[in-house]
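These are the structures in question, set out in turn.
In what follows, subunit A forms one complex with subunit B and a second complex with subunit C.
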Partner chain A sequence: MSFFSKSPWILHYDASSCNGCDIEVLACLTPLYDVERFGVVNTGNPKHADILLITGSVNERNIDIIENLYRQMPDPKVVVAVGACACSGGIFARAYNIQGGIDKVLPVDVYVPGCAARPESIIDGVIKGIGALEMKRKKSA
Partner chain B sequence: MNPIVYAVLFVLLAPVFGGLLAGIDRIASARMQSRVGPPLLQPFYDLGKLLQKDARQVNPLVEPLLLGHVGFMAATGAMLVGGVDLIFVAFVFALAALFLVLAAGTVNSPYSFTGAERELVVLLAAEPFFILMLAAICKVTDASSYQGVLSSAVMVAPKLPGVLLAFTFVATIKLRKSPFDISTSHHAHQELVSGLTSDMSGRLLAYVEMAHWYESAILASFVILFFNWSVPLGLLAFAVIYAAEVLVDNSTSRAKWQLVLRSTWAVTLLLAGGNVLALFLLK
Partner chain C sequence: MKRTIIPFGPQHPVLPEPLVLDLILEDERVVDAVPTIGYIHRGLEMMVERVEYTEMGFVAERICGICSFMHGMGYCVSLEAIMNVEVPERARWLRIIWAEISRVQSHLLWLGLGADAFGFENLFMHCWRMREEILDIFEKTTGGRIIHSVNRIGGVKRDVSDAELAAIVVKLEELGKAFEKTANVFGKDPSIRHRLSGVGVLSADDARAVDAVGPMARASGVVMDTRLSGTYGYDQVDFEPVTETAGDCLARVVVRMREVQQSIGLVRQAVEKMPKGEGMPLENKPRGNPVGETYTRLEQPRGEVLYYVKANGTKNLERFRARTPTFANIPAMIKLVRGCDLADVPNIILTIDPCISCTER
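And now, the complex of A and B:
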């Protein structure tokens, strides 16, 4: 086990989420769930982040932003799609402006289902993401 | 013991001290927010990860400047405990801090640039005080080096209580506790908080972290100067001051740099300046 599994820094981006999943993501930081126990930091800066955590689906307007954020993150990095919309487009999948899930744009490593995704499953997803991060690091080393 | 031994020991042990302090700080902050908090060694895990991660250099100047930042921070501590003139140490300390501003300023991003500007403002608020503080300590003890002050017959703290209080105030800035819009501490903020480091990744960010650990150790050494008769008492005083800083950090989460600049000069001038003036007048 390397340091990556002990210090995953997260960048949270709200694509076109209804804010349901976002509230649950922020709930993970509260005393009840306290993800900082695992060394997780919610950075707000792509250049410091290891895990890109996206809620909501991809639309015409935010494709560039999502790609830009991903490009700015230094390797190794993983993408965690949180919630039904981020996984597949959810109930908005057929809307005129929606492209679909995050995997239309980025290579998604972990899918966290749910509408809204529960904090417990978001934490599980992040832990799975740490595993993927570890594998990517080994591959690049 | 030879002062050079102290200098080498400082360079080797200060990061361990600073890292552990950061770990205790994060746990204490978490407990104040009724959370469990990360493990004690979390800052070391973070540093290890940052060193393993890819570093994106926006400007090739950033890395040498940041190495200068860490290097001069370590040198400041080494010179301090190595017995170099205290006033000279104060200037090297300011130079070390300036390297970080330069590193952030070379990047073309507005976030980084604003961060650098704000750091400069805060430097302006804090650095004159350190020169005043060290000059006052030298004056009171009639010594000019760290060892000289420690072996002085005069205990500094009872003579300079105002300066010690002002130090506690300035340490808030230096320990990166407040203001929130400049500190590079680990908070769940989403605003322009760590503007200074916004374009530093991987090992570049690790250098900043390392330099901060050295800085904490230097501040602890400064507190020992006030309690020059007993080093354990000085360390205990530093622990009390640090606990106060954590409390301030958690209770004034919205202090901005404007307030800090104004209040720092007012407080340091009143407390430290008044203290030094009183010493001269009462003699």
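And now, the complex of A and C:
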């Protein structure tokens, strides 16, 4: 991929993460990693977003919120699960209120491993997400 | 007057975490705020029934990714008290060093988020740039940026060589000097002053009445710092708790800014006072299973945290409970939000330094 046809905008939602991955997502925006140079913008509005970046796993309370956010995003859209908890429930898989990874509710395109996921791997996951987004766009066109 | 209800969260640009408030407004004025919880509840405390006590420390660390070191330390200190394990001296000093460095990290992170909340994005970037240097120190000494896993029941897992410690002190002092410049902006910039001073004032009496803890209480002039109790080696370092008297948002910013410098000083003191040398004992391994119960108090970046641990002689603890500082500060936050302008809500919420994943666990 030599260039992006679109600047991918990101919606970040903290499902039930311990803050570790959320802070690393924010760290991607700051001077050391600075993903904004690739046109990646962290938006608060699901209607502007192309990539849904979810940290943490699904619990009873946030399951509706996650589905709602995904529904509000325009097509084509990509889901990136960041961190061990979002991939499978991680260390909290045995906790009573955790139902499992994000793939229990949403179709996940990219899994980013790590506890906490490092900024480098989050950026890598987003870049892979952009590839998935391009494919989806070509398919729908 | 007709009332409007504005939902705040769970997905909101000002905070990465799902804090949920229903703001009840009359015109632009907030008359009430009703918090809803559970969006980040995992059931961490109940995991003691399924995870052995030796492994629970790693779960406790993940109560919150910002003060992860302190949560791990709190759990280990509690178990050490129950099992009568003496921590080697060098390990105790290393814990103080890591704890104070994580306080610097947490405050820099918060100052950045605070600056972002009042619309000063440049300052946000500067604070987080400095924070990355702290994370480098953590990565070098513990192996992890966010989750460190160096605490063990009875000590710490890794040693840091004396040369490395000296280098850390030099690096931190350089950072402290660079931070002064940023601190000047926070303290002196007229637009920041205009935005924050006089907003969300909590008087000292109110702070005591609603049991505020940590920088929140200290910004209102209440001298309250768990480190003053002198436990876990804090009796061997000299420090004065940082207090301000104004009790407004600006005072809470200033308290945290001064605490960054204070913690850097504490790291320097700890490195000077700790026993030197290679290959010193770092860990006294506990034997058998714990029996008994204990309370532990620690001063986290956000304030006092309280752990209750009860063990019954099996591999699994009977009860593990953490009362985290944000939980204690929520009544103060609700009190401040009542009667403020809608535009001030993000600033007031941010200045209590909320950590929802601590609160709901």
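One rule holds for everything that comes next: the second predicted complex is superposed on the first by the 135 of 141 C-alpha atoms of A that agree within 3 Å, B and C clash if a C-alpha of one lies under 4 Å from a C-alpha of the other, contacts with A are read in each partner's own complex, and residues count from 1 in each chain.
Following the convention adopted for this analysis, contacts are C-beta pairs under 8 Å (C-beta built on N, C-alpha and C of every residue); 3 or more make two chains touch, one makes a residue touch a chain.
Keep in mind it's a predicted model, so treat the numbers as computed, not measured.
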- request: Check whether A:17 is in contact with subunit B, with subunit C, with both or with neither, and answer first, second, both or neither.
  value: second
Message: Let me test your reading of the model: by the given contact rule, A:44 touches which partner, first (subunit B), second (subunit C), both or neither?
response: both
- request: Going by the touch definition up top, name the partner, subunit B or subunit C, that contacts more of subunit A.
  value: C
Field: Which of subunit B and subunit C A:118 touches, first, second, both or neither
entry: second
Message: With both complexes overlaid on chain A, does A:95 touch subunit B (first), subunit C (second), both or neither?
response: second
Message: Per the contact definition in the header, classify A:75: touching subunit B only (first), subunit C only (second), both, or neither.
response: first
- prompt: Of the two partner chains, subunit B (first) and subunit C (second), which one does A:31 touch, if any: first, second, both, or neither?
  reply: both
- request: Identify the overlap between the subunit B-contacting and the subunit C-contacting residues of subunit A.
  value: 30-31, 44
Task: Under the touch definition given earlier, write down the residues of subunit B that touch subunit A in their complex.
output: 26, 30, 33-39, 42, 45-46, 48-49, 52-56, 186, 188-191, 193-194, 197-202, 205
Message: Residue numbers of subunit C touching subunit A in their complex, please.
response: 10-13, 16-18, 38-44, 46-47, 50-51, 58-59, 62-66, 68, 109, 112, 124-125, 128-129, 131-132, 144-147, 355, 357
Message: Applying the document's contact rule, which stretches of subunit A touch subunit C when the two form their complex?
response: 11-27, 30-32, 43-44, 46, 56-57, 59-62, 65, 69, 91-92, 94-98, 115-116, 118
Query: What does subunit A use to touch subunit B in their complex?
result: 2-4, 6-7, 29-31, 34, 36-39, 41-42, 44-45, 47-48, 50, 72, 74-76, 137
